[in-house]
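Each in structure tokens, the structures are laid out below.
There are two complexes below, and they share subunit A, which is joined by subunit B in the first and by subunit C in the second.
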Partner chain A sequence: MINRGYCINYLLALMVILTLNFMLPRLMPGDPLQAIYGDEAMIAMTPELKEELISRYSLDLTQAGQFRAYIGSLLRGDLGYSYYYNVPVAAVLLGSFPWTALLVGLALCISTGLGLFLGIESGYRRGRTVDRLLLGGFMWISGLPDFFVGMLLLLIFGVTLGLVPLAGAVTPYTGQGWAPALIDGLRHLALPLASLVLARLTATYLLARNTMITTMGEPFIMTARSKGCSGPAVRYRHAGRNSLLPVVTAAGLQLSHLITGALFVEIVFSYPGMGALMYNALLTRDYPLLQGILLLSAVTVLTVNLLVDLLYKRIDPRVAYAH
Partner chain B sequence: MHINYWGEIKRDSLGRAGMGTLVVLALLAIGAPIVSQYQPAEYTGAIFQPPSSQYWLGTNDVGQDIWAQLLYGARTSLLIGSGAALLSTFFSVLAGGMAAVLGGFGDRVLMRAVDALIAVPPVIVAILAAAYFRPGASMLIILLSAFLWPGGARLIRSQALSVKERMHIAAARTFGSSWPYLIRRHIIPDLGPVLTAILVLNFRRAVFMEAGLSFLGVADPTVISWGKMMQQALKFSYLEVWKWWLLPAGAALSMTIAALTFTGFALEKAINPRLKK
Partner chain C sequence: MLDIRGLTVRYSGLPVLKDINLTLEKGESLSIIGESGAGKTTLGLSVMGLVEGCCEGEILFQGKNLLSLKEEEIRRLRGREMAMVFQGVEGALHPLYTALDQVAEAIAVHSRKDAGSIRKKALGLLLSAGLDETTACFYPHQLSGGLKQRALIAMALANSPEILILDEPTASLDAGTKAEILALLNKLAGDRITIMITHDIHSAAYFSDRVAVLYGGRLIEQGPTGEVFKSPLHPYTRGLIRSCPDLSTTKDLQGIPGRMMPGVTGCSFHPRCTQRIHLCSLDIPEPVVTGGRLVACHRGGIVPLLEIKKLSKIFGKVKAVREVDLTLYQGETLALVGESGSGKTTLARTVMGLLKEDGGEFCLEGANISKRDAFFYQRVQMIFQNPMESISHRMNVLQAVREPLDINRPGDEEANNHLVRKALDEVELPGDQYFLNKYPHHLSGGEAQRVAIARALVLEPRVLIADEPTSALDASIQAKIIKLMLSLQEKRGLAILLITHDIALARKVSDRMAVMLKGSIVEEGPAGKLLGSPRHQYTRLLVNQSESPAKSMIL
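After this line comes the complex of A and B, so read on.
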């Protein structure tokens, strides 16, 4: 009953995205097939292939029929056919989604954990040197777009210092045991992960710090202190807990930034996730693949946000009462 | 709530720094033909030149002067940023104000639509739309505004609802003023602080999205932009050129975004005195 409002919002959002996906190629001047596959592909296409594609995309039906066919094929897991890779889009996505999920998942955990920790410590020491340094530093970092952070890290640690590999996720043809392979993977992961974490840390940090400062003024903190609670206990068990709530909500909202950020950062590091795939799809004008990537990213964002909305009520029962 | 914006920004050191940077950037962008002796698309005669007195930031892979490109890139960023900020805030006012004034069923329908649109990840959808349209400057402003307005609409609605109930509005209504008059003369000036905050926020997001889209190469390729400079420069990361090609473009973009963030913080402090302590 309570959840219905949330679910309707997300369903509507999904419909908006699906409709855009459906409408955009059909809004373009000329043949939708041309918009989907690009001019170059149209020249190379044989009439038989064209016929087959027209019936495949149901382009011979009315607009409403086409939309029904489009939704129907999506429900069957058919995202279209990648012209460049010559395999179904879903198969291409399956190969690169895990890399992005790994990157984004780790970045989300690390930036939330680290941001919470730094924010609580900084808010507790408000106005002292550590707090001032952290606050000032993060304010500057927050101005850097994530792909520029990535480039800076790449140029400093990869190009100038030569500490980490410049591109990719694994070194090919090493054929070693799992331990060197894991280290190799981590070395490739380090910079993309660091740039995502750096770019997203500020928001979590500021939020945790602000909540901490408000909470530190509350009477129950004085009670805790007068009971003789130790510093860490006051910081984490009494005050810090209150920062958890906004930070968890923000983590969900940040996921949409993280996913888009990952798309850009992957391009900088040629990390074989969906971002690098998207860049390639843009270069080769592989529109079915592009649509598939963006649809999958958007659906992931929507699902996670919905989950956060639901989780939020578990963490803060007041929200459930408020509805 | 009537606020002396300029005074508030001047009092805050971060706000001063942000506003100052923006003014300098705007002056450089306007005076681009005076400050640089080259046109950004002009072939100057030598490729990959290091910085010198003739080419302040050297030249790129096709022999264009990087300093000139940087200046004209500022024009693109500021123009698209401010254009999208104004247009999206206008949309927000339209939707949020209408929801507040209509109330009841109209309010619910509008806010439901806004909630759904807020959930749509803007950058992802903007990439998709831009990939098809390959938008030029004005098209890009419209495209960005289309995805930026919903957040502001919600804020404006809630503020307008509280403003609507204030005493002087009720007084004006008893004198028989119409809703259009009320909105123009009372509600919008009262919403001033919120509107300014939304403007600055959207400005920042638009600059960021423009850079991102041109970095991906989905914007009009003839428009000179910092994002595009970074994309091109990244291809030559094995050469020394990134020091005067990639870094200045990225630094300029970061400075613009930081300046907008600081200005926004200063304004927010003025609106929300609790943050001042």
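After this line comes the complex of A and C, so read on.
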């Protein structure tokens, strides 16, 4: 299934990301410590702290030695020390990453699934009322930026209707059982998730609809119909199966957009994910934390792409054959 | 018992099929031939209930009218009672499922059996269609064109349907694979009703009992395969057959002039038909059944232009022509071959009325001809062996070519001059004043023969009798003159009676050939067949002599 060339590609990409992450602060002008911790931090730094940091970052070693030390600490799970939060970066990331993973992961799955479903139904009924309403509606929604959709949703469902909480991921200090906690979590998740899904849905919907329209004209659809396949079988097993391919590819590519989108949406909803974390890190110039966030995002995108590749091989036999 | 009655199909208001009537008995195989755009595939799709347009009429099958069934009802019949193999192997199979999966699905749609036994049955079908256990589990992109076609056939036969429709099943395959697929289809067809849609008349001839020719959405000819291909009735059918060479074809390929056009009034073929009359553009011809064959043509099919019945000519004690029967059809070349002195030229001259016949009669377009009048000469013209002698040396080109007009249609000189220039243009000669004023001795042999042809054509005759038209000419000029005559035949449907002793030339030019010996026709038939397997010993002798001049000299 996976061959060597394939693995080497991904390893190379990972190495490039690690190297860049290692080099960027060292390429900045002046003291690496200054580059990492910023001007304000340097003023407050005592000589003892500086000594400790130099040995901690192996700055007394050669470049090669530093790189070895960097990789070594990464392997131990040491991503550096956030001076703003005053805890290791890894610990900060561990607190935020699950929320973003939940939000982005769910948004990706829902927008792909829903977009595919609506695209298939709409493309199958091309030119009819349902198709025209869906197409028009989605074109309108796609004109709005995701954070704006988030604000609208917040105003309507949070402020005016009061159906969902306005901020956060959980209601703190309730000490409730798992079932109410789950419902509470979902209530908090609903709006940020909805705004991300809405913003991403259009692209998937349009792609699925267009592929569906092209596929419906393919000879094998005629073959399927002449076998006596029912409407849903033609739509999903034959035409839809084919529309799945570009949609899966696009889902992998969309991930990076989704992460950017999550950044804004998390801020609007004060959702305690990586987006909100990155926003804070930027404001406080917490460079080690930013570096950690960058690395984690890059590795996540890489991993998801690998998964999409593997999935694609499973759903399109022609790709496996071509390798 | 598939009965199609008055089927008309329209795509957004435009009729694609018009008033189709077809009846197919159990076990019968029918080929529908015609060029692309004739509506062949639409006919297949309307039987399957898959046509996008709006249908009128009735398709009766098992006592039900398929056109009035609800979608769900006809879906249950599709693939079970009737199946279709679609055109174009590429893309007809789903790229993401294996051949086995796709055949199994065809069974599963109409069956409640468990998946295991369905897969077993599907495998059996694929094996009998010529795949093996490995290739059966391949995806379409791993299969060759021939194997894909086999898989599609296995899929169509999955539920042993009563009606099998094959849309161009061999179009994209090479000759070897094509033959294998056709043999497979023949084997598997059994006692089903099979409809093969094709533009390949050889496949049609091999596969089917009956042939229906579709043109412009109408059935224009129908009949038993052998008869239709041997002696087509409709000019379009003949055009189709002429356009498809096989290894015994000897005549140069001739197409059908023009192209198929929608929205034609009257007979849909009339703009391209070389024997059209005024009625053809007004009324749609009713299909007429004669002796098991059906043809829709106002003229009753290809017209026999010149019929010679029991013609005799006697010079003193010598019987130069003995009771000769010959028929020349519209748009064909009949070569009359034989050695000198066999009576060929006498026959031609008697037909033209230059000699008085001593028995027998002539018919021109079905009417008995008793005297050679203007009516006759406007329709039948002749060119002679030596152009220099056949054009009067006292006349210049203009006068020579205009003379037939002056005799038959005296009057408007300007109009006649215009017709002269048109005729000269048709034979690829200049129509300027300089050329018109030339005399025969100013012309080369090729030019003079062209002038003679222009003179024969200026009256727009239907029949041209050419007596050794190129034997006085160079080989290169001969080729040009012959090509010119054939292109005029293609363009206007000229019937040519070519008299020659050159068998090789006759073979390239003629549709049919008649061999004359001592005043009688000893053998007659399609040129390729007659020369390929001559029956009369004199014909064999002629063929042998013609094979190589050196060889015949040694013998």
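Note that the second predicted complex is superposed on the first by the 305 of 323 C-alpha atoms of A that agree within 3 Å, B and C clash if a C-alpha of one lies under 4 Å from a C-alpha of the other, contacts with A are read in each partner's own complex, and residues count from 1 in each chain.
Quick note on the criterion: a residue touches a chain if its C-beta (ideal position, glycine included) is under 8 Å from a C-beta of that chain, and two chains touch if they have at least 3 such contacts.
Remember, it's a predicted structure, so these values are computed and weren't measured experimentally.
Engineer: Taking the superposition as given, does A:Tyr279 touch the first partner, subunit B, the second, subunit C, both, or neither?
Structural biologist: After superposing on A, A:Tyr279 lies in contact with subunit B but is clear of subunit C.
Engineer: Looking at A:Val301, would you say it contacts subunit B, subunit C, both, or neither? Reply first, second, both or neither.
Structural biologist: first
Engineer: By the touch definition at the top of the document, which applies to A:His238: first (subunit B), second (subunit C), both, or neither?
Structural biologist: second
Engineer: Can A:Ser230 be said to touch subunit B (first), subunit C (second), both, or neither?
Structural biologist: Second partner only.
Engineer: In the superposed arrangement, which partner chain does A:Ile8 touch: subunit B (first), subunit C (second), both, or neither?
Structural biologist: Once the two structures are laid over each other on A, A:Ile8 reaches subunit B alone.
Engineer: With the two complexes superposed on chain A, say which partner A:Phe220 touches: subunit B (first), subunit C (second), both, or neither.
Structural biologist: So A:Phe220 only meets subunit C here.
Engineer: Hey, is it subunit B or subunit C that touches more of subunit A?
Structural biologist: B
Engineer: Touching A:Arg76, do we find subunit B (first), subunit C (second), both, or neither?
Structural biologist: neither
Engineer: What residues on subunit A does subunit C touch that subunit B touches too?
Structural biologist: Shared contact residues on subunit A: none.
Engineer: For the complex, which residues does subunit C have touching subunit A?
Structural biologist: 48, 50, 75-80, 83-84, 86-88, 90-96, 102, 105-106, 109-110, 139, 141-142, 152, 155-156, 158
Engineer: Mind listing the subunit A positions that touch subunit B in their complex?
Structural biologist: Of all residues in subunit A, those touching subunit B are 8-10, 12-13, 15-17, 20-21, 24-25, 27-28, 35, 139-140, 142-145, 147-148, 151-152, 154-155, 159, 166, 256, 259-260, 263-264, 267-268, 278-279, 282-283, 287, 290-291, 294, 297-298, 301-302, 305.
Engineer: Using the touch rule from the top, collect the residues of subunit A that touch subunit C in their complex.
Structural biologist: Those in contact with subunit C are residues 218-220, 222-230, 233, 237-238, 241-242, 315-318, 321.
Engineer: Hey, which residues of subunit B end up touching subunit A in the complex?
Structural biologist: 14, 112-113, 115-117, 119-121, 123-125, 127-129, 131-132, 208, 211-212, 215-218, 230, 234, 237-238, 242, 246, 250, 253-255, 257-259, 261-262
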